[in-house]
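Two complexes come next, and they have one chain in common, chain A, joined by chain B in the first and chain C in the second.
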Partner chain A sequence: MILLGPLRAAVRTASWFAALGEPLTDGDLADARIYVDVQGVDRVTSWAEADAFLKSPTASLDWWNHEEAQRKELLAEAGKRHPERALWTALSELTSETGDFVHGKAATAAARAGNVVPASVHVAAGAAAQAVYQLAVARLAAREASPFESKFRLFAAGRWPLGVAGSRLVLF
Partner chain B sequence: MQRRIGKLERPFGSLHYEVTGSGPALVFAHGLGGNQMSWWQQVAHFAPHYTCVAFAHRGFAPSAKVPGGPDPADYAGDLAALVDHLAFADVRLVGQSMGGWTMLEYALAHPAKVKALVLSSTAGTIDRRGADPSGGKDYDAWLARTGAAINEGLAKGIHPAIGPKGAARAPALHLLYRSIDEMAGTLDKEMLRAGLRRTATRTLADLAGFAVPTLTIAGADDMVFPPFLAAAIAEAMPHGETTTLPDCGHSPYFEQAASFNGLVEAFLARHR
Partner chain C sequence: MTDLVVKTVEELKDAPEEYREAVSKLVISHAINELYGAQVFDEPAIAYAPTPYAKWLTCRVAMEEYGHHVRFKGLGTEIGIPEARMMPGEGKKPLSIFEFPLKTWEEFVAIKLLADLAEILQVEDLLHCTFHPLRNLARATMPEERFHAQFGEDFSAELVKTPEGKARLQAAVNEYWPYLPKFFGGSKSRNNEIFRKWKIKQRTNDEMREDFVKRATEVAAKYGLTLPEVRQAA
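Now for the complex of A and B:
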């Protein structure tokens, strides 16, 4: 589907996982604020910290549920705009292409860091693939101001948005 | 890594497949909640050493729709056509849940072509209750127990194929799984489930002469497939072996990809 051409290109050129743990830039902070309405942004600096955060009970499931509700709303809108088969084929093909590509990027970043458990690589790649899928749905729904745009930009800048704890977004 | 996308024309329409990597042929068949994309964590791992083939079963986008819905009895024929089309001299097969119908039937029909078979969270076309060593007692108890747990999870938006523990451990993977599941669009999965039950009629006795080395894998917390059947099925096979992954639900390949890949890799290495 031609609408997803620019996103496909952006996936290929993004700096996936290249800035993990580095100090946050103004661009990161700006995208984080657009992405999710929180009072602040925290940073974790290692894969071990990221893993611990994801396993901790402080990570909010409400945030995931909120994203999922947004995705469903956008998907319904996309479904009105495109023939069913074309929609699912486009989403499936893009996500399929993305999955093992970002997995390779996550594996490379983990190898550079050293001592990363393989399961973390899969979780990181899954989060990135899901971000691409969410943005694809938003684009197909013609929703230009979707928070999934800024979520993707965070990934494209080399970050991994891990989740929300309390009123703060946690970035790796 | 170069990926080649192809469409194989079949009587029902086109079958979507993707070929990645080089080396011996390794074919993946997805479950009811998946498509070719489901195997992204395996393709990334195995493509440097294997020619990985992932396809979407008939009726599952991007493969063509089937009027009246797909019949699982046709799956193995589609795989046979795909293997012929790709001109593979031999294959290694990995089937998840519904994909077990495809892979087991293909392996039974073409044992000389199949170097190794992995059945993940599936009995394939074997009748589950009949395969229960307790004569159905354990299976019935498991059904009653998991039925309640599935309904409780569904009320909270948890996909049964991942389960509450998996959803809590990796929310992004859980949501990605749900997203992939939805890509089947309006495919009637209840009707397909009925078809799967209808076609699961084999008994363990059918496996007595089955010469293909087979690894069965199960997740200990599976709510969709009774994990204790994985061992019973492997035991009925002359060359069967089994592993149950702790803290894992119905989708070991997705939830615990690193462990799953390691198991499959070691198994394939023993049966080159």
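Now for the complex of A and C:
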């Protein structure tokens, strides 16, 4: 875990899911524009609305595939910089630890909101843990200006970037 | 039947060799099969998932399955099992189902619906284990295994809404079901006899297999699916 110490600390201090549905701030909008070069940001205000978006054809898989391509490129770069065993051990341990931690935070947020389907908590935890993993790969690849930095900042500020619809980022 | 209870990893050192060997075999088996499951099914399934909702849910499921491997491997390390014995490639072969790479979303849903039900039965049989660290690990794993099986049910419900989806899911069930009753081992298993002697496990392989087939038939019927006939292992 020496390789990812600062990120591990940032995971523990982030305000996971604490601002879901709240009005967007200038800081949120600034990070959103750095994360995705879009024309605007749409706000989702409830877990039910978030679920509906994520299941709908409006939620672009192109954006998902774009991030996957970036992740694979960064992972290949990270693989050149670090011994294989150290790389996979660091990523596996971070992911295992993060998954349970953010799941607890998502469950807390869902409990406060009330009437949230249990599966939605898992979806939120999956999204958050994936964001941490993506940032970990970017940092291991020494890519300082990766969009995964601003994606993580949105999560750390209590938001959940749901994806891209057309030319707009959808933020919970 | 012997009523030995081993409450800690420390106490295991003083348990009979047959007991220690039996515990090690189970921990190795779970550590290897959880990792194979995550690598062969759960992680590749993310790419096949049809929506961001399904992708992130599958991400979480994959992480939990990796987490199960990490937990069993962690217990194995505590009781002195070399790490290499709990990883693919050394010694124990994985279950035969893992030799067939995932090809479709429907295959993954069928696996979650039925194979994770088999996993639930295996974990259930450890809930009263006389080796308490393994019992506790089983208890920690159970809520997640139940969620994974529920994942299978929820997406099965989605798929069977259309005739095409139901046909694809039934085809996947037909392909994978024949491997699943074998999860529970042979009828005359010496390992199972030892597990039950020491109350590490509770039931015979045949009892578990029979229960599994009954429960799988019920859950499949909920979604209008049928299970193909399979000749049981000896």
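One rule holds in what follows: the second predicted complex is superposed on the first by the 170 of 172 C-alpha atoms of A that agree within 3 Å, B and C clash if a C-alpha of one lies under 4 Å from a C-alpha of the other, contacts with A are read in each partner's own complex, and residues count from 1 in each chain.
Going forward, contacts are C-beta pairs under 8 Å (C-beta built on N, C-alpha and C of every residue); 3 or more make two chains touch, one makes a residue touch a chain.
In this text, all values refer to a predicted model and were calculated from it rather than measured experimentally.
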Will chain C clash with chain B on chain A after the two structures are superposed, or do they fit?
clash
Under the stated touch criterion, which partner chain does A:51 make contact with: chain B (first), chain C (second), both, or neither?
second
Tell me which partner A:85 touches in the superposition: chain B (first), chain C (second), both or neither.
first
Per the overlay, which chain contacts more chain A residues, chain B or chain C?
B
Under the stated touch criterion, which partner chain does A:61 make contact with: chain B (first), chain C (second), both, or neither?
both
Check whether A:107 is in contact with chain B, with chain C, with both or with neither, and answer first, second, both or neither.
first
Overlap the chain B and chain C contact sets on chain A and report the shared residues.
54-55, 59, 61, 64, 68, 92, 95-96, 99-100, 103, 118-119, 122-123, 125-127, 129-130, 163
Could you list, by residue number, the parts of chain A that touch chain B in their complex?
54-55, 59, 61, 64-65, 67-68, 71, 75, 84-85, 87-89, 91-93, 95-100, 103-104, 107, 117-119, 121-123, 125-127, 129-130, 133, 163
Under the stated contact criterion, what part of chain A meets chain C in this complex?
51, 54-56, 59, 61, 64, 68, 92, 95-96, 99-100, 103, 118-119, 122-127, 129-130, 162-163
Under the definition above, what is the set of chain B residues touching chain A in their complex?
1, 3, 5, 18, 20, 35-37, 40-41, 43-44, 47, 54, 56, 61-62, 65, 157, 168-173, 175-176, 178-180, 182-186, 256-259
Could you please specify the touching residues of chain C with respect to chain A in the complex?
47, 51-61, 63-64, 66-67, 70, 147, 150-151, 154
